[in-house]
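Next up: the structures, one after another.
The following pair of complexes shares a single chain, subunit A, combined with subunit B in the former and subunit C in the latter.
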Partner chain A sequence: MASQLKVDTLTGVTTAGSIDVTGEGNSTTTNLQQGLAKAFIIFTQAATYVDHNSFNVSSLGDDGTGLTTINWSSAFSTAYYSSTIGIGEFGVTYRNIPALGITSNSSRTTNLLKFHSQTTGQGTADTPDNSVTIHGDLA
Partner chain B sequence: MASILRVNTLTDASSNNSVPMATVASGSVKAWADADMTGTAGLDDSFNIASLTDNGTGDFTLAIANDMANGAYAISFGFQNQSSNLDAHIRLFSDGHKLAATVQCQKMENNSATDGDTNTVMIAGDLA
Partner chain C sequence: MSSQLNVDTIVDKAGSGGTNVKIANNAVTVSEGGNATTNTVKGLAKAWVHFTTVSSTAVNNNMSFNISSLTDVGTGNTTCNLSNAFTNVSIVAHFNVGDGANGDQSIVQNNGTTSTINLYCFNGSNANHDSSCCAASGFGDLA
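Moving on to the complex of A and B:
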């Protein structure tokens, strides 16, 4: 029988922040909280930044050509979270490569992530349709 | 007391934002990792990853704790550059290294395998 649960908040019984979901194989379970993306954004770097769509992002900071700070609305528990990235096309002549900042460990903290858009042969460049998705532990 | 709720659809109390449980299960990431390959390689944080093996410079294997159903799953990467303006990326090591229980990855900078301090991986697909 089909069923529908109407609820605003799901909370674990044993541990408030831990709910298991049965996986596709009908036996193994996966953790709901750990599997959910905690933040995402699609944005364009330009003279005026454009936040096309986002979740858990409070603001974008322009740190110079190709360099962006993404500030989180709800902070993470540590600076160690999984951040996967995508990038739009800058020009057909160049290969476009996104990165999570440059060198310094300060490029990722509990409150922000620094995004670096680079193009081969051209150094940093403002690019369109950059995307970031975050999985990890919220504070 | 632990409990199991059997339901097909979740909806907020205002009857908006419905999501089928099949979407919750399939749409949830099944594993993620933040790996540091500098010095003694290790996992800074992870979910459903049993271990990391350092296979050499820039080359690492993640063992998945609860296996995927097969090797046909989506994987995506992120990384931090070790210096500016490098041609850098993370890739699957080669064809045949994305398996139900393990995945082998390689960080490259300027066409050379390179150890980095931030290598992130996400896996979406079907659990066994």
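Moving on to the complex of A and C:
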């Protein structure tokens, strides 16, 4: 018989922020907290920014053409979290924008990430439907 | 009244695994640092796939989740058809290709549906190109 447990918050006993779940192959466990994406967003850079869909993002800052500050609602424990980034529009214009990422290590803090879209000429350009997903430890 | 479960390991009722465990969409987990909580279901990848578009478009070694099928739209262009749809057409999707010898690059196109993700792979000359090592994932809210 299936069972159902209703609960609002999952907390580890040994360590509050560490719960293991059994892997699909039933032979190992994986950490629940560390496997979760802690933030994601899909947004468009333009004269007026558009946040299409986001999680753990408090606001976007327009730092100029192709440059965006993404502010996190809940801070990370370290600035060295994993960011996966891409743009989401197909067209010759955007094929010439090969580099998307953070401006520099110093511009990634526990509270924000500075995103940029860089053209082949080392310039910057506004891009549509930029996707960012973050994995790492929250404070 | 809110409730809290203190537990070190989550498995199914039989105690043999976790594949039958269900978590409500408003459940949160305590963060690694213990100072915040994060929504458990929002943090989960809702779809992922590893596939090839060389010779034929196919999932590699059954490595997919929430993918019902792949559609070969054309050279370097694949549509992922999702088993369970998202609530919003703005899916946070990522796509990477590993065929670096051709200078391959990748891009995701939001094609305006909640049940498909459209992916393009192109080479260093900006021409559509097939690759043997394609990986994609999707985040967001399921319907």
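Operating definition for what follows: the second predicted complex is superposed on the first by the 124 of 139 C-alpha atoms of A that agree within 3 Å, B and C clash if a C-alpha of one lies under 4 Å from a C-alpha of the other, contacts with A are read in each partner's own complex, and residues count from 1 in each chain.
Following the convention adopted for this analysis, contacts are C-beta pairs under 8 Å (C-beta built on N, C-alpha and C of every residue); 3 or more make two chains touch, one makes a residue touch a chain.
Source: prediction; values computed, not measured.
Engineer: Would subunit B and subunit C fit next to each other on subunit A once aligned, or clash?
Structural biologist: Pair status: clash.
Engineer: Could you tell me if A:H116 is touching subunit B, subunit C, both of them or neither one (first, second, both, neither)?
Structural biologist: After superposition on chain A, A:H116 lies in contact with subunit B alone.
Engineer: For A:T124, using the defined touch cut-off, is the partner it touches subunit B, subunit C, both, or neither? Pick first, second, both or neither.
Structural biologist: first
Engineer: May I ask you to decide whether A:L138 touches subunit B, subunit C, both, or neither, giving the answer as first, second, both or neither?
Structural biologist: second
Engineer: Can A:T22 be said to touch subunit B (first), subunit C (second), both, or neither?
Structural biologist: Touch partners of A:T22: subunit B and subunit C.
Engineer: Looking at A:T84 after the superposition, I want to know if it touches subunit B, subunit C, both of them or none. Which is it: first, second, both, neither?
Structural biologist: In the superposition, A:T84 touches subunit B and subunit C alike.
Engineer: Which partner does A:L36 contact after superposing on A: first (subunit B), second (subunit C), both, neither?
Structural biologist: Touch partners of A:L36: subunit B and subunit C.
Engineer: A:R108 contacts which: subunit B (first), subunit C (second), both, neither?
Structural biologist: Touch partner of A:R108: subunit B, not subunit C.
Engineer: Could you say whether A:Y49 touches subunit B, subunit C, both of them, or neither, answering first, second, both or neither?
Structural biologist: Neither subunit B nor subunit C is touched by A:Y49.
Engineer: So subunit A touches subunit B in one structure and subunit C in the other; where do those two contact lists coincide?
Structural biologist: 2-8, 10, 13-14, 21-24, 32, 34-37, 84-85, 95, 98, 132-133, 137
Engineer: For subunit A, which residues are in contact with subunit C within the complex?
Structural biologist: Against subunit C, the touching part of subunit A is residues 1-24, 26, 29, 32-38, 40-42, 52-53, 55-56, 74-75, 77, 84-90, 92, 94-96, 98, 129, 131-133, 137-139.
Engineer: Inside the complex, what are the residues of subunit A that reach subunit B?
Structural biologist: 2-8, 10, 13-14, 21-25, 27-28, 30-32, 34-37, 78, 80-85, 95, 97-103, 105, 107-108, 116, 118, 120, 123-124, 132-133, 135-137
Engineer: Name, in rising order, each residue of subunit B that touches subunit A in their complex.
Structural biologist: Going by the criterion above, the answer is residues 1-3, 5-13, 15, 18, 21, 24-26, 28-30, 32-34, 44-45, 47-48, 66-67, 69, 76-89, 117-118, 120-122, 126-128.
Engineer: Can you list the residues on subunit C that touch subunit A in the complex?
Structural biologist: Touching subunit A: residues 2-13, 16-22, 24, 26-40, 42-45, 88, 90-95, 105-110, 118, 120, 122, 126, 137, 139-141 of subunit C.
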